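What follows is chain A paired twice: with chain B in the first complex and chain C in the second.
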Partner chain A sequence: MNELQFEALLPFMVLAAASMTVILLIAFRMSHTVIQVAAFLMACSVILAMWYVKDTLPQTIPPLFVVDGFGALFTGMIIFSMMAVGLFSYVYFEEREENPKEYYILLFLATLGAAVLTISTHFISLFIGLEVLSVSLYALIAYLRNRNNAVESGMKYLVLAAVSSAFLLFGMALIYMETGSMEFERIAQSIKESSSSVLFNMGFGIMIVAIGFKLALVPFHLWAADVYQGAPAPVTAFIATVSKIGVFAVLLRFALSVNLQQYPLMITIFSVIAMASMIVGNLLALRQQNIKRLMGYSSIAHFGYLLVAFLPGNAAGVEAASFYLLAYSITLLAVFGVVSVLSTRMKDAEELAVYKGLFHRQPILTAVLTISLLSLAGIPLTAGFIAKFFILASGVQQNLWLPVLVLVITSVMGLYYYLRVVSTLFAAPSSATIAAKSLHPFFSVSTYLALIVMMLLLCWLGIFPGRAVEGIREFLLIR
Partner chain B sequence: MILVWLIAILLIGGVLCWLLAQWNKALSRWIALCATAAGLVIAVWLCLQYKDAAGEAGSWFINYRLNWIPSFGISFHLALDGLSLVLLLLTFFLGILSVLCSWSEIKEKHGFYFFNLLWTLAGICGVFVAMDLFLFYFFWEVMLVPMYFLISIWGDSNRRYASYKFFLFTQAGGLLMLLSVLALYFIHAQQTGIYSFDYFDLLHTSPEASSAKWIMMGFLIAFMVKLPVVPFHNWLPDAHSEAPTAGSLILAGLLLKTGAYGIIRFVLTLFPQQAQAFAWWAMLLGAIGILYGAFLAFAQTDLKRLIAYTSVSHMGFVLLGIFAFNEIAMQGVIMQILTHGISTGALFIIAGMLKERLHTRDINRMGGLWTAMPFMGGAAMVFTMASLGLPMLGNFIAEFLILIGAFSVNIALTVLATLGLIFSACYALRMMQKVFLGPVSVAAPLKDLNVREWVMMSALTISIVVLGLFPQPVIDMVKGVVSGLFVS
Partner chain C sequence: MNLLFYISSFVAVAATIMAISRFHPVHALLYLVVSFLAAAMIFLSLGTPFIAVLEVIVYAGAIIVLFIFVVMMLNLGKDTALQEKNWLRPKVWAGPSLLVLILLVEMIVLLLNAQNAIMHVAVVDPRKVSLSLFGEYIIALELVGFLLMAGIVGAAHIGKQKKKILHRFLKEETMARVEI
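After this line comes the complex of A and B, so read on.
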C-alpha cells in the first residue's frame, strides 16, 4: 500500500479510531456531555480527512476497496447523517436512566460498517462492512433494554439479519463458483466471456434477499415497522438513513460494474420488487396511528421509488438516485429529530395523538415536521419534489411506463397519510399538555438549530437544486 | 421583471403577514389588503399599457426568461399575453375581495391565514403567466398546499375530509400531467437534441399520433379534474362547502379557471389534432356537466353546496365552448371565465355573510330574509339573475356567445346545453325563494350589510353589469390570443 492509498483510506481509519477514542473516554469516566462533544469533534475530523484527501481521488486499494467520487459522495451523506443522529441522541438519552455512553461506540462502529460498504469492490469487504453494520445495529436497536418493544425488535432484527446474511453468503458462493472471483470487476469480465449465466443469476437472486432485507423491500419488509417502532428514535433515524444509504450504495456499485441492467430477468425482478414495495408500503401506512411505524412503512415505499431510478442503470438514474437519497435522508433526519425532541423520559413521542395541535405549542418543530412531510409526499418547494421529479424523468426516459405509473398512483395514496399527520399537527390542541423537558440549553439550542438548517436545506434543494445536482455530477465523475 | 414582482409582492406579503401577526393581529389584514391592491394596480396599469397591442395574433406583451436548472433545460420563464392579463385582473380583483370577506370571519391564527391566502393567489398568478412547463407544474402545485391549509384549518365541521379529497383529486391529476410533461420533454429531446421544458420549444414537437393521444390525455385529465368535468367533479361540492368564505371564493373564482386556462393554453396548442379528435366527446361531457350540475344544484339544501353545483353546470359551458373550436365560442369561454368568477364569487360571499349571521348553511332554516336585510337581498337578486343568464348581466353575453359558437358545430349537443339555461332558472329561483322570500323564519334580529360588505357588493355588481353592457374591451383584449389559436 503506498502513501496515496493510505491517505485515501484515512477518513475510514479516523472513523475506526473514533470508536476507540470513545472507549478510552468511557474508561476515564467522562460525562455524557464530554463524550458527545468528543464524538462531534471526531466526526468533524472525519470530514476534515475527507476534505484533505479529496484531490487525490480516485484511488484503488486492490482488491478490496476503491475510494472514488461515488464512494466519497455516499460516505459524506453517511457521515452527515451520523452527526445529526449523534446530536439528536444527546437530547434523547440525556434524561434516561440507561447509561448512554456506550451508545456512541456502537454508533461509530455502525457508521464505519456503512461507510466501508460504499467503497467496497469485493465480496469480502462487502460482507465485513455489512456485518459490522448489522452487529452494531442489533445492540443499538435493543439499547433501551428495559422496554419490551426494544428487546422484541432487537431480537427480530437479529434473527432476520442473521438469516439474510446466510443468504448473502450462499449467493456469493454461487457467484464465486461460476466466475472464480469475488472482485466486482473480475466477476463482470468472466460473465461477459461465459455464455450461460444460470449460476450467476441464481446467486444474485439469492443475494437480493439479503439486500432486500436491509433496504426493507417487499417481500422482505416484515421487520421494518416493528424495528422502527421499537428502536430509540435516533437509532430509527440511523437505520432509515445511514444503513440504507450504505447498502444501496454497494448495490448500485455492484450493479454498475457487472452491468446488471442488461439482464431482462434482473430488470423484471427489480421492477416487481419496486412496484410491490410502493404498493404495499403505501397501503400499510394508510391507517397507521403510530408515527414511527408510519415512517417505517413509508420508507418501504420510498425505497420502491428509489428502485425505479435504479432500473435504467444509466448515469441519469444514478444521479437521480443519489439526489433522492440526499433529499430523503435530510427529510427523515428532520422527522426523527422532531420525534426525538418531543420524546419524554417514559415514552417516545410516537402516538399521533401527541402531535395533535402541536402548531400551537411548538411552531418551529411543526414547521420542520410539516416541510419534511410535504417533502416526503413530493410537493413542490421541497427537495422531495425535485427528487421525485428526477426519478420520474429517468424512468420516463427509458420508457418504464408501468413502474412510473405505479409510482404516480401510489404517491397519491402516500399523500393521504402524510396529510393526515399534517392536519393533526394543525388541529385544535388536546387538553392534555405535555410538560416541557428541561434540557441542557446549549444542546437544546443546537438541536433546534440543526432542525431549522435541515428545513431550510430542504427548501433550498427544492427551489434551487441546480448547484446540488452539479455537485453530485462532479462527484460521480471522479472514478 | 414586472411579472416577477407581481408574484413576489404576494409571496413577500404573505411572509410579512405571518411574521407581523405576532405583534399585531389587525396588521396582517392590512398587509394582505395592500399586497393584493398593489397587484391590482399593476395589473390595471399593464392593461392600459398593452391595450393597443392586443389585437395582433400571437403577440406577447412581456417575455421574461431566466435560467433556473440549466442542466435539465428548466427555465424561469414568464410571459404575458391578453388571456393571461385578463385572468390576472380577475385574480387580483377577487384577491382583494377574498381579503375583505375574511376581515371579521377569521377568528384565530390571522397571520398564518393570510399567509396561505396570499400564497394561493401567488400560485394562481404563477400558473397564469408561467411559460415553462416545469414551472407551470411547480406553480400548479404551489397553489394547492396553502389552499389545503385554508380548508383544513379554517373550514367547517367536515373540513378534514373535504381537504383530503380536494388535495388527492387535484394531486392525482397533477401527477399525470407531470408524466405527460416529461414524455413530451423526452420526445422533444429525441427529435431535436435539445432538452427543454420551454413552452415555445415544445410547441414545435410533433409526437407520433398514438403516443400524442395519451400525452394529451394526461394534460386533459389534470385540467378536467380542476375544471371540473362531470366524472371528476366529486371533490368540488365538498371542498367548496367546507372551505371558509374566502376559500370558496378563490376555489370557484380562480382555481377552476386554471383548469380552463390550461386547456386553452396547453392542450389546444400543443396537441391541435388530438384535441380536434376528442372534441365531440369533450362537448358531450360539457353538455352532461351542464345538465347534471343543474339537476344536482336543484336538489341541494345546503346553500354553499348548491352554489358549488351551479359551478359544475357553468363550467360545462366552458368545456363546450372550448371544444367547439371557433373564435366566437372561445370569446364566450373567456367571458364566461370572468363573469362566472364574479357572479359565483359574489354568491359565495353572500352565503358566507349569511353563515356569519345565521350560523347555518341549510336553506330550510332560512326564509324571508329580505325583510330584515333588503340590501343583501337586492345584491343576491342581481347575482342570482346573473347566474341564470339574464341579459344585461355579463353571464348572458358569455353563454350566448358559447351557444352561438357551439351551434354551428354540433346542433344536438347545443340544444341539450341550452336546456341547461332553463334548469338554471329553476335552481336559481328556488334558491332566491327559499332564502330571501317566503315567510319569515328567523326570529333573531339581523343586521344588514355594513360598510365593508357594501363596498364588496357594489364593486361586484358594477363589474358584472359593466361586463354585461360593454363586453367589447375584454373581447378586444383577448382577440389576438383567440385568433392565434385558430389560425394555424
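After this line comes the complex of A and C, so read on.
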C-alpha cells in the first residue's frame, strides 16, 4: 500500500479511531457531555479528512476497496446523517438511560460499517462491512433495555438479519463457484465471457434476499414497522438513513460494475420488487395511527421509488438515486428529530394523538414537521418533489412505463396519509399541556437549530436544486 | 495410513452416535469433543495437517469449551436428563433415521460402483494462509476486529445488571430483620 492509497483511506481510519477514542474517554470516566462534544468534533475531523484527500481521488486499494467520488459522496451523506443523529441523541438518552455512553461507540462502529460498504469492491469487504453495521445495530436497537418493545425489536432484527446474512453468503458462494473470483471487476469479466449463466442468476437472486431485507423491500419488509417502533427515535433515524444509504450504495456499485441492467431477468425482478414495495408500503401506511410505524411503511414505499431510479442503470439513474437519497435522508432526519424532541421520559412521541394541535404549542417544530412531510409526499417547492421528478425523468427516458405509472399512482395514495398527519398538527388542541422545561438548554437549542437548518435545506433543494445536482455530478465523475 | 483412516472414522462415528444418544448434556458434549478430535485425525491421515490443527483449535478448543461452560453455568441436573429421556423416544427418532438410512444405502451403492479417480488437491499451508490474511486482506482482518468490538460492547451494555448499592451493615441489618 503506497502513501496515496493510505491517504485515501484516512477518513475511514479516523472513523475507526473515533470509536476507540470514545472507549478511552469512557475509561477515564468522562461525562456524557464531554463524550458528545468529542464525538461531534471527531465526526467533523472525518469530514475534514475527506476534504483533505479529495484531490487525490480516485484510488484503488486492491483487492478490497476503491475510494472514488461515488464512495466519497455516499460516505459524506452517511457522516452528515450520523452527526445529526448524534446531536438528537444527547437530550434523548441523557434523560432516559443511566448509561448513555456506550451508545457513541456503537454509533461510530455502525457508521464505519456503512462507510466501508460504500467503498467496497469485493464480496469480503461487502460482507464484513454489512456485519459491522448490523451487529452494532442489534445493540443500538435494544439500547433502552428496560423497555419491552426495544428488546423485542432487537431480537427480531437479530434473527432476521442473521438469516439474511446466511442468504447473502450462500449467494456469494454460488457466484464464486461460477466466476472463481469475489472481486466485482473480475466477476464482471468472467460473466461477460460466458453469456447466460444460471449459477450467477441464482446467486444474485439469493443475494437480493439479503439486500431486500436491509432496504426493507416488499417480500422482506415484515421487520420494518416493528423495528422502527421499538428502537429509540434517534436509532430509528439511523436505520432509516445511514444503514440504507450504505446498502444501497453497494448495490448500486455492484450493479454498475457487472452491468446488471443488461439482463432482462434482473430488470424484471427489480421492477416487480419496486412495484410491490410502492403499492404495499403505501397501502399499509394508509390507516396507521402510530407515527413511527407510519414512517416505517412509508420508507418501504420510498425505497420502491428509489428502485425505479436504479432500473435504468445509466448515469442519469445514478444521479437521480443520489439526489433522492440526499433529499430523503434530510427529510427523515428532520421527522425523527422532531419525534425525539417531543418524546417524554417514559414513552416516545409515537401516537398521532400526541401531535394533535401541536401548532399551538410548538410552532417551530410544527413547521419543520410540516415541511418534511410535504417533502415526503412530493409537493412542489420541497426537495421531495424535485427528487421524484428526477426519478420519473430517468424512468421515462428508458421507457419503464409500468413502474413509472405505479410510482405516480402510489404517490397520490401517499398524499392521503401525509396530509392526515399535517391536518392533525393544525387541529384544535385537545388539552393544554404545560411544556416541560428543558434540562439541557445548550443542546436543546442546538437541536432546534439543526432542525431549522434541515427545514431550510429542504426548501432550498426544492427551489434551487441546480447547485446540489452539479455537486453530485462532479463527485460522480471522479472515478 | 489406510488403517489409521478407518480407525479414526470408526471412532468418529461411534462418538457421534454416543453424543446424540446421551441423556446428560455434559456427557454428550464430551463425546462431541471426541468426535471432533477424530475428524481432525481423519484430516491428518489424509495429509492435511493444517486443517486438522484448525479443527482442533477452533471446534474442539474454542466452540465446544464455550458450550461446556454454558452448560455448566445453566447447571442442568437430573431433571434435564429425565426430560431428554422422555424426548428421545423411538417415535421421535425413527423417521429421521429411516430417511438417513436411505441416504446411506445410496452412498454405499455409489461407493461400490465407483471408479478410481485422482483428486487434484492443492495443499494450502499455514504460511500461505497467513500471508494472504496479513498481506492483501489486512484491512479486512482489522475490520473483523471492529466487528468483534461492536459485539462485545453491545453485549456488555445489554447484559449489564443494575448496580445494587448495599452497605454491608445495612445488609446485616436486613438479614437480622428477616431472622426476627
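Here is the rule we use: the second predicted complex is superposed on the first by the 473 of 479 C-alpha atoms of A that agree within 3 Å, B and C clash if a C-alpha of one lies under 4 Å from a C-alpha of the other, contacts with A are read in each partner's own complex, and residues count from 1 in each chain.
Assume a residue touches a chain if its C-beta (ideal position, glycine included) is under 8 Å from a C-beta of that chain, and two chains touch if they have at least 3 such contacts.
Computed from a predicted structure; not experimentally measured.
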Which superposed partner A:F389 touches (first chain B, second chain C, both, neither): first
Touched partner set for A:S19, first chain B, second chain C, both or neither: second
First (chain B), second (chain C), both or neither touched by A:R145: second
Chain B versus chain C as contact partner of A:Y176, first or second or both or neither: neither
Touched partner set for A:E470, first chain B, second chain C, both or neither: first
Partner, of chain C and chain B, that touches more residues belonging to chain A: C
Touching partner for A:L415 - first (chain B), second (chain C), both, neither: first
Chain B versus chain C as contact partner of A:F426, first or second or both or neither: first
Complex contact set, residues of chain A against chain C: 9, 16, 19, 23, 61-65, 98-99, 102, 105-106, 109-110, 112-113, 116, 124-125, 128-129, 131-132, 135-136, 138-140, 142-143, 145, 151, 154
Chain A residues touching chain B - in the complex, by the definition given at the top: 374, 379-381, 385, 389, 392-393, 396-397, 404-405, 408-409, 411-412, 415-416, 419-420, 423, 426, 464-466, 469-470, 473
Residues of chain B that touch chain A when the two form their complex: 68-72, 134, 137-138, 141-142, 144-145, 148-149, 152-153, 160, 163-164, 167-168, 171-172, 175-176, 178-179, 182-183, 185-186
Chain C to chain A touching residues, read off their complex: 136-137, 139-140, 142-144, 146-147, 149-151, 153-158, 160, 162
